[in-house]
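Each of the next two complexes has subunit A plus one more chain, namely subunit B in the first and subunit C in the second.
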Partner chain A sequence: MSRRVIEVEGLVAEYPVRVGFFRRRRVRAVDAVDLHLGRGEILGLVGESGCGKSTLARVVVGLASPSAGRVLLDGVPVPSRRPPEMRRRVQMIYQDPGSSLNPRRTVLQTLAEPLRRHRLVPAEGIEGRALELLEMVGLGRRQLPALPRELSGGQRQRVAIARALAVEPEVLVADEAVAALDASVAGAVLNLLRDLRDRLGLTVLFISHDLAVVRGLCDRVAVMYLGSVVEEGPVSEVFAQPGHPYTRVLLDAVPSRGRRHPGVAVRGEPPSPLHIPSGCRFHPRCPEATALCGESNPPEARRNAQRVMCHFAWRPEHAAEPHGQVSARTSPTRTA
Partner chain B sequence: MTSHPLLEVDGLRVAIRRQDTAPTVLDGVSFAVGASQCLGIVGESGCGKSLTLRAVMGLLPPGIERTGGRIRLSLQPGAAPSDVQADQVAGRGLAMVFQDSHASLDPTMRVGTFIAETVRRRGGTSRSDARRRAVELLASVGVPDPKLRFNAYPHELSGGMRQRVAIALALATDPRVLLCDEPTTALDVTLQAQILRLLDTARAERGLGMVFVSHDIAVIRQIADVVAVMYAGQIIEIGPVSDVLDRPRHPYARALIDAVPSLDGPVGPFRSVPGSPPAPIDYGSACRFLDRCGHRDTACEGVVNGIDGRGAGHRSACVHSGTLASGLEAT
Partner chain C sequence: MTVSPPASGPDVVVKPRASRARLWTRSAAAWLLALTILAAVFAPLLAPADPGQLTLDQLQPPGADHLLGTDALGRDVLSRLLFALRTDLMLMVFAAGLPMLIGTLIGAVAAYYGGVLDAALRWVADIFQALPVYVLLIALVFVLGPGTSSLLVAFSVLGWVVYARLIRTEVRRVREQEYVSAGYLLGLSRTAVLFKHVLPNSLRQSFVYLATDMGMALQGIAVLSFFGLGVKAGTPELGAMVSEAQLYLRSHWWLAAFPGVTIVILGSSVAALGDRLSGRGEVGR
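The block that comes next holds the complex of A and B.
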């Protein structure tokens, strides 16, 4: 098995929020998450807005510090104030390259900044290296003097990726990196990410709400709900045999070729992390919840490399009222 | 008796007003929508799909003007559509739902009051009846505790709930045609499924005509009966959803549909459409997809017009669509 570049252990991230005029509380955006990324692996992180996936990304990159738990880089715990060398190794790309690039800087200036800051190449070599980086992402000399507004959305995102690559990171955290792009352009950027992984051995944490994209790009996927990872495993297994009812609900909600009309929709909306339900967090919306789900925390169920936090993992027929489509779509296989 | 369309748009032209030039961004867009029918419009950003809705609704941003075309609306059940002015259509049979629900709600007003006022603006409703109607509307779009939510301000609601309220608001004027501009794009898939179902129900129950604009082909497949593909300000292909999405005839439509990753297809490299669409200033009379197309030849450099979307059947603007149709299917 590939060596683990990034490990996340029992990670908790909290934010202070005002709940009244004078009252403040801490809201837990990420609650006891364990994850790992092997070298050259692309891990997809999916879940609804507010589930904590972006907070988790910020902690991994070092933009936010954990309230508890730790992040390990190559087995070495990362201190809360990350030294520059560690920061260099994990880089981030954002959803909207329109706002993550400085509108008044040319592409060359944008790429030169990290090269200079981290003293990676001598001053006279900067332009050459910037060009190399641009070529790596499928652009060329023509774009060097361009301003972001002169580039298309796809080209801007390529520049953002080139900037992240400038410091020769080992891990790239992509937070909804193609969500703002049209499908006609997104495909090329996704292929680029995969190609960079193949050529540079880059490890990618790919955060997305688009399950079809995750299926096509990632090796493994982790599904988050209200701050915890409810299911994790190889993409092929999770998508073919989802073990958690929430994963099934997410997959069913995606409009697909085969289904003309939307499948059974999940009840309600994700609750606020200020009011986390007892027992299994998903039980108030779960089509298969029983009394047990509201009372005790779900155990971890494993099958091969797949991990599921559910009392009834892979066993929708064991639940109180199996709901037609949700359980019918997946063929449940009983574990011994 | 032939059933009349509810909304008919004929040769809609919209231009950007500049000091020296006036590039045309919508170039003769025509379509029609009947009762209980949903026309989907897909295309890349900048192709003019949202602009089409705004032009029909009379909500063009400053600096952009309608320079031609007619909008006809059937204002009474069974009546043939008659000409309406762009600035009169709002509240007279047309309503719109936006991507950003903040845009349709007043942040300083309780949502119930806002809906009740919209009901009253049509006239003939007492204050208390309008309130009752507002609560009914909130209940009909699946807002839990509608009496309680009546008093909520938009910022107190979640995104999905706000979009439901925006739909209730749109339905408050009893529109005959609902224009939807990417109403689910800002929502998570689970909420998207809920909102799509809600719109589908409203359409069936009220016999609403619907124009649904989205960049998401999977969503269009689910909600629309007829789909129009737009490119560079023109409709380049139109037809029944399954025909267009499964057997596209225009090379652009084919490329766009192929670029969408799916949950059930084979896993492989992602596809994309190389290049980018021309800027409106460069729109010529030739095929606008020319530079990005693998099937171009001299015929493409002649005059290639967009399609009149009012007719029936599956049609493509591509000069080669006859010869290409079978070849495209094989790719």
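The block that comes next holds the complex of A and C.
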């Protein structure tokens, strides 16, 4: 992995909510997250809905400002209100193809606006460049004068990608970009993303709740639970030897043929970020939790490029051990 | 968002068929309104006489010389009616358009940026809702003194709140659409996003209300003029014409009848078109 395009350091994102009639509280949607994206890499970010994936995405692109921590672009910390030139470098692709395009604008108008705004091409070259962008995402001249309502969901998503590419960004943040599409259309859009990475050297932060998709597309994966990253590493390692019980639960929930043992089920619903459990935030639902898990924050365990935040990383059999013996960094050499 | 497929598949959007009577009303309204506007525009050419010209042919019934008769000062009623259309249509457009412009700007900015501005707007809007608008309208014009400009000021001061309220709801909905944040990420300033992406997609309800409001403005102007609070005395205006005809209501019916009927027709045409506006456009949303 080459240089880091984006680094996220100790990021905290909060938003106010009303509890009761007068009282307001701040909810931590993202709590002390560290992440980085190498140039040309596709990082998958997975987790249940409500775990803070989208909030993290909004902070990374600059739609929301962090309460603490910082985002670095090419090693340079970005201000909380980014100037247009800086916003340009990180673009977002949204989930809902129905609302990602202005319904009153034709495709040409949609693509022309960012080109004009940044004077990326001379005025007479705008239509040509728009067509070029459309062809890059697998559409053509026929779609130029179309309004969004005349396009299918997959076509709209392609236009949204073309619009993001118009400003020649370095990073694309795709927030559940294929969740609303049919399987076949979703596959085509995923191929497009991979293709764009290969051809343009784009870096992609791919947010999804679909592990199968992440396995097929991404180089690395980060697993989020209730606002923090619990496991992170290369896809091949994380999927082969998940270190965190939550990751194992997620993987077991993916239906697959030829699985021998029945999956481990998680207990209960994900707790609300208004009431974050003490210690390891997963412990109330963890099939392997001990008393220790509820008391102290889990340490970081590392193995190769894999990072896991768990007292008993890679060790599902730990339950037999008395928890007093378990020290912070026991795991790196052992295998499950 | 309704997606209408190009060919007739099983999901073709079926428009509910408007009843024949309603269709007829709408097209009649459109024709009448178009006719009225043309008549107003070409009033100087169409009018058989100078609307201010006093003659000795006073209180003539409708006939060959004066198609709609003459009034107590011997002025040709048809000519006055045509010129009154000019005054009233003009006033109607501004008495509804100015409040819309002001209210939409205030409401959109407040809703888009939120915070204190938005809270203040909600507070003002709630207060206005408790006020008797028409009583205040009359009082305000009375204080400002009769005349076109005080009419417009009064309508603007009292009318903008409804538009602000309408646009506020819409802007808060559209603000959350993804193309809005995309516009910002692509490099537009927040203000540019408001005017290029948010406002154009928020205005429909306001235009529907504008049509209704124009009808109400027309009647408001006529009523105020009837009470002598509208346009300057002597200016041809429908409400003022009815007012001047009061004394002759029993003996000279045409003096009140023609301008009165015109007010009714014009008001209901505008209202019918507003109705049509609100019915259309649900598709493609």
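Criterion: the second predicted complex is superposed on the first by the 314 of 336 C-alpha atoms of A that agree within 3 Å, B and C clash if a C-alpha of one lies under 4 Å from a C-alpha of the other, contacts with A are read in each partner's own complex, and residues count from 1 in each chain.
In this text, a contact is a pair of C-beta atoms (placed from the backbone, for glycine too) under 8 Å apart; a residue touches a chain by one contact, two chains touch by 3 or more.
Bear in mind that the values here come from a model prediction, so they are computed numbers and not experimental data.
Undergrad: Please indicate which partner A:His118 is in contact with in the superposed arrangement: first for subunit B, second for subunit C, both, or neither.
TA: The answer is second: A:His118 touches subunit C but not subunit B.
Undergrad: Tell me which partner A:Ser49 touches in the superposition: subunit B (first), subunit C (second), both or neither.
TA: It touches subunit B, and subunit C stays clear.
Undergrad: Counting only touches as set out at the top, which of subunit B and subunit C does A:Leu251 meet: first, second, both, neither?
TA: The first partner, subunit B, only.
Undergrad: After the superposition on A, what does A:Gln91 contact: first (subunit B), second (subunit C), both or neither?
TA: In the superposition, A:Gln91 touches subunit C alone.
Undergrad: Who contacts more of subunit A, subunit B or subunit C?
TA: Counted on subunit A, the partner with more touching residues turns out to be B.
Undergrad: Is A:Ser100 in contact with subunit B, with subunit C, with both, or with neither (first, second, both, neither)?
TA: second
Undergrad: Which residues of subunit A touch subunit C once you look at their complex with the stated criterion?
TA: 61-63, 84-85, 87-88, 90-92, 94-96, 98-104, 113-114, 117-118, 149-150, 160, 163-164, 166-167
Undergrad: Which residues of subunit A touch subunit B in their complex?
TA: Result: residues 48-49, 152-154, 182-188, 190-191, 194, 209-213, 215-217, 239, 249-263, 265-266, 269-270 of subunit A touch subunit B.
Undergrad: Within their complex, state which residues of subunit B touch subunit A.
TA: 44-45, 158-161, 188-194, 196-197, 200, 215-219, 221-222, 255-256, 259-265, 267-274, 276
Undergrad: Looking at the complex, which residues from subunit C come into contact with subunit A?
TA: Touch residues, subunit C against subunit A: 1-4, 6, 177-179, 181-189, 196-197, 200-201, 284-285.
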